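Letters are used for the chains, namely A, B, C and D, taken in the order the chains are written, and counting of residues starts over at 1 for each.
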Amino acid sequence: MSAVTYLEAIRQALLEEMERDERVFLIGQDLGVYGGAFRVTAGLLERFGPERVVDTPISESAMVGAAIGASLLGMRPVVEMQFIDFISCAFNQIVNFAAPNHYRWGQAVPIVVRGPAGGNVHGSVFHSQNPEGFFQRAPGLKIVAPATAADAKGLLTAAIRDPNPVLFFEHKYLYRRIKEELPNGDYEVPIGRARVAREGRDLSVITYGAMLHVALEAAGRLEADGIDLEVLDLRTLKPLDQEAILASVKKTSRVIVLSEEPLTGSVAGEVAARIAEHAFPWLDGPVHRLCCPDTPVPFSPPLEEAYLPNVDKLVAKVRELSSY
Amino acid sequence: MAKVSRNWGPLHPAPPPPDEERLAKTELGREAQLELYRFMKLNRMAEDRLGNLYRQGKVVGGLYSSRGQEATSVGSAYALEPQDFVGPLIRNLGSMLVRGVQPSEVMMQYMARGGGPTGGKDANTHFGDVSRGLIAPISMLGALIPVMAGVALAARMQGRNAVALTYIGDGGTSTGDFHEGMNLAAVLNVPLVLIVENNGWAYSTPTSRQMRIKDIAVRAAGYGIPAEIVDGNDVLAVHGATKRAVERARGGAGPTLIEAKTFRMKGHAEHDDAGYVPREQIEEWKKKDPIDRFERHLLGEGHGLATREELEAITSALDSMLNEEVDRALASPLPPPERAFLGVYAESPVSPAASGRGGRVAV
Amino acid sequence: MSAVTYLEAIRQALLEEMERDERVFLIGQDLGVYGGAFRVTAGLLERFGPERVVDTPISESAMVGAAIGASLLGMRPVVEMQFIDFISCAFNQIVNFAAPNHYRWGQAVPIVVRGPAGGNVHGSVFHSQNPEGFFQRAPGLKIVAPATAADAKGLLTAAIRDPNPVLFFEHKYLYRRIKEELPNGDYEVPIGRARVAREGRDLSVITYGAMLHVALEAAGRLEADGIDLEVLDLRTLKPLDQEAILASVKKTSRVIVLSEEPLTGSVAGEVAARIAEHAFPWLDGPVHRLCCPDTPVPFSPPLEEAYLPNVDKLVAKVRELSSY
Amino acid sequence: MAKVSRNWGPLHPAPPPPDEERLAKTELGREAQLELYRFMKLNRMAEDRLGNLYRQGKVVGGLYSSRGQEATSVGSAYALEPQDFVGPLIRNLGSMLVRGVQPSEVMMQYMARGGGPTGGKDANTHFGDVSRGLIAPISMLGALIPVMAGVALAARMQGRNAVALTYIGDGGTSTGDFHEGMNLAAVLNVPLVLIVENNGWAYSTPTSRQMRIKDIAVRAAGYGIPAEIVDGNDVLAVHGATKRAVERARGGAGPTLIEAKTFRMKGHAEHDDAGYVPREQIEEWKKKDPIDRFERHLLGEGHGLATREELEAITSALDSMLNEEVDRALASPLPPPERAFLGVYAESPVSPAASGRGGRVAV
């Protein structure tokens, strides 16, 4: 078996679930003949036909609304946002129709809304967003953000099988930049469970998505100075794996929450708040966040570099905190 | 002081008098017509009971009435087959009754009782039951249209031979979801029927300030789908138009938009005295009351389909039935507080077969 | 001068700013002849005419979009959401058009989007929401939530004069339940500044909106047990008055953040995270949050009562924390 | 293997050949027509330069071309008065040039240089300048329409006697904001003109899968506003139709929708080879190239408005101008990193007079 990219892992999950379960279908823009703006769905129209790879007009709200309706009859729709930024146009359907439906009248809404998120590709203000902070506030939603190819496949498989509405944020920077061998055959990575990506004694970095790789690289660099980082990959952003978060913090007593979001309203903030409430006695220092500044994602490379967290910024933060 | 009248269009005109002849030769037989009558009466009488409960302070929150629009709800829903799906709005109690919803279910919802379909979690007619082909709306107008397009899409994918019927008000047609939903339904050619209930008003806003057109039906041409304008206070006309649209959809010809011209005889909600509605407009429409008209038709010369005694028998049967329904609803306690914390997430995959009614609300 | 309600204070701010500044106009549903669903704009159509009290179709996205466009030409539109829950339909216009506009091309977007928020009136899932948690994540926005009539008038005046897009969340539970004498004439309450609503030594309750009154009542009750609460009214939710937050915490060393939002993704979480990062050395105990559970707002009175924070729940939390 | 062709409609048909006679008796004089020619050439030549910069790896991110659609942008914007406002989309470089935007401004934007109007904060044609009547779009299609309706509303309130012109693609008409924006503009009767550029494709989606109608213009009837269908590759026809609509709007008659039938001669963006577009469709439209056609018209028999030498002189003047513009753009450095943190909030109230261009971006 050979290594596959993060993008190919997502394609595999879609293809295999569609083969396994005829209730699964794809709906979105330019999915079929074109195979999607990032080619995630390439070949699926030829394989499954236009009734299961449904191209739509430019109507994000109707795409999600139609997916909700189909799910009420037991289908398992997977909606693609061409860029995740456009999910803003479906906000009402996601937050007010899909999310509270099971609570309101007991009817599950098993849909997945997926698409390319994240920056570091000079996509500018409207092609670089990480919208998890906007959606974590919606009771009834689940939010997933894989950092590896194996997780991308296993988490998407789990998301499609989950009876609840799941937002699946793929980091476009990782699409073709990381490659791994995947577990054989059918597997799920459970939603709601974080993963210790690196065991360490001195300080916990809690992160997800593309930032996981920043954390791991920083950990390697810090070994030299004898700082042993633990790196926790959240994988699911809602509901948070509070147990795993607290366990890591109780072990290291020092923590930095790292994420590629504007600071205010970030998932990183929610994680920090949980730590401050439930792990306080174990803390040897303040709960730090390393996020982006509270600005839109700027376009020009030097601006975006100044905006995004990176290994240097993390290493500096770690040094600051461990000498606390 | 500024002139306030500016921009105000003409009053919402009443439709022409019904074509008695066509009424006479409707394809619906006597039994069916008496059933239509029964459902319209039930619709109105159940809402009257809700009005009493409201005045007794037993209703929690707002109460919405469909008085004057019963023919639209009942006539359209009556055109559906058992396997079809309907997505009613808050003024479509009649459609829900036709689909087998019990008045006590709705009364419990309005009174926030634990025995209602949502167990007290949501209000009024905001509940659904896939097993009865009933889809619940959300308050945000328009949002249900793309959802019902998806229901229609799934029905086709699953080979159910089923049609999806839903409703929108004149005001609701101004929402982006109306446009996105109808365009998507048209392009995908799904079996969807939309009834636009043009009752002249959106809360306090007359249709003339909601849009620059008289007939909302013209919008269908923008989606490449057929439309029909129908007298919404003529239950047989509404039924006939819906039946045609439903069969067209079932036959694979895609969506239809039906504009039903009708009138909201009460305020937006019980608290609203509708002082902004010109008196003469109300008087004009009183004459076209859908139930009185249908009664005249049933008793009418030439085709005496029913006697006054028969109609009175139906009414008094409904009356005693509603007494029981009210008692049943009042007997239901408020929900236990702990219920507030249950059922946010669905625990296990749900198949349409398994999907049920209130029972599936975590209670 | 006589006491006026919270609702009347809002009406006064609108009326007086419209008299003062001809660039100010109102746009929304049923504002004119009807005077708005809650009668906030009653009489303003008669006073200013239909060109400055603009009734619209049911089109939240277009209402906000049109306000943005008008503001680009220097107008000062005030948009009313009939219930703030419907702001979800204008999410894209607010978050992607209005919020980043000044950053993107230097053009200010001086609009206000206001409306009735909050629960405790049995409004059910879609007429009770507090959406601040959805919007705090949007760089470029300001969010205001007054708790008193005086603040309602002064903050709305400031919001209308602010060159940035401001979301103004009025708590409908307070509309007619609180009354005060207002300062004379033209005044602003500065956006971005919190207010110590009650001085205290032992523990800080940081809150806003209707919950301020819960906090003050709890404080009175706790006096008996010799617990002296400090109560901080945030007033502005974005940008947060971090200085005032930290000052209070540094003084009392114990804190509860109280808000009428689902816990996850709440503004309360952002406040807690700031405290955990910047006031850690001063803390004698965990940073507590008293919020709603992560569910939609339930309808039936016993359910909504179980859902909402109240004086008993706060008093219990305070006792728990002060015996920490 | 499933049939893929299902649901696909006929190819986007080219419009009928231009009415040479009408072309001959256009009301635009020789000077004006030569200016139109100059702007169309500038549009295309500037994009060719951008293409070179792209191939040299100097462009950051995607590059979007309006090749084949120059007549629509230029002809429509040319119908505006100085006090009017225009909201262009990414394929309306021509409209921006007509409004006085310098090619180097756009080149700096595409190359992410600090000297561009947004100082490197945003990309490509995403910048505005109220003082030049230029409103910037956001990427979310449709969103600009309600915003331009608001610009038109404010223009009326302020007595500017100004009109707002904006654009949308065939695909963009499927968005909720298109519907909400046009309906609101119609009800409020504001001076808005919408050019629908129907170029047959939305990325890889043909118009036949975007909507169930052939002529998007029919949607105007749903808003109670007039519409015109125009050959979008005929600059004089586009100008004439826009002029009529603009004057109607200025006269207080409200919005107009103009559907310009045209064609996207390149891929969605530079990276897209448009393999999904049938060859014959491209060949068919090549013959209708708007610049070649206008050239033939200008040189045409009977009404020789220009000589080949004159047109070549225009072209070579543009050529050397563009050399300077490219040099100017390349001379601009990337922005300083600290700029990323500036300008999120406006500091002080901004009056329309004070509102300017790039200078007002916090740099």
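Everything that follows uses one rule, which is that contacts are C-beta pairs under 8 Å (C-beta built on N, C-alpha and C of every residue); 3 or more make two chains touch, one makes a residue touch a chain.
The shown structure was predicted, so the numbers you read here are calculated from the model rather than taken from an experiment.
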Two candidates, B-C and A-B; the one with more touching C-beta pairs is A-B
Relative to chain C, largest Cα-centroid distance belongs to chain D
Cα centre of chain A to Cα centre of chain D, whole Å, reads 36
Taking each chain's centre as the mean of its CA atoms, chain A sits from chain B at a distance in Å of 41
Distance between the CA centroids of chain A and chain C (whole Å) is 30
In chain A, the residues touching two or more other chains are 51, 57, 59, 61, 85, 88-89, 92, 96, 103-104, 125-126, 139-140, 294-296
Residue ranges of chain D touching at least 2 other chains are 118, 121-122, 126, 138-140, 174-177, 180, 183-184, 187, 209-211, 344
Touching chain B in the complex, chain D uses residues 174-180, 183-184, 186-187, 189, 209-213, 218-219, 221-225, 254
Given the complex, residues on chain B that touch chain C span 1-4, 6-7, 60-61, 112-114, 118, 120-123, 126, 138-142, 171-172, 174-176, 202-205, 209-211, 276, 334-341, 344
In their shared complex, chain B is touched by residues of chain A numbered 25, 51, 54, 56-57, 59, 61-75, 77, 92-93, 96-97, 101-110, 139-140, 142, 161, 163-164
Touching chain A in the complex, chain C uses residues 85, 88-89, 91-92, 95-96, 99-100, 103-104, 125-126, 133-140, 238-240, 261-262, 264-270, 272-273, 275-278, 280-281, 283, 285-289, 294-296
Seen from chain A, its contact residues with chain D in the complex are 29-30, 32-34, 37, 45-51, 55, 57-59, 61, 82-83, 85-86, 88-89, 122-127, 293-296, 298-307
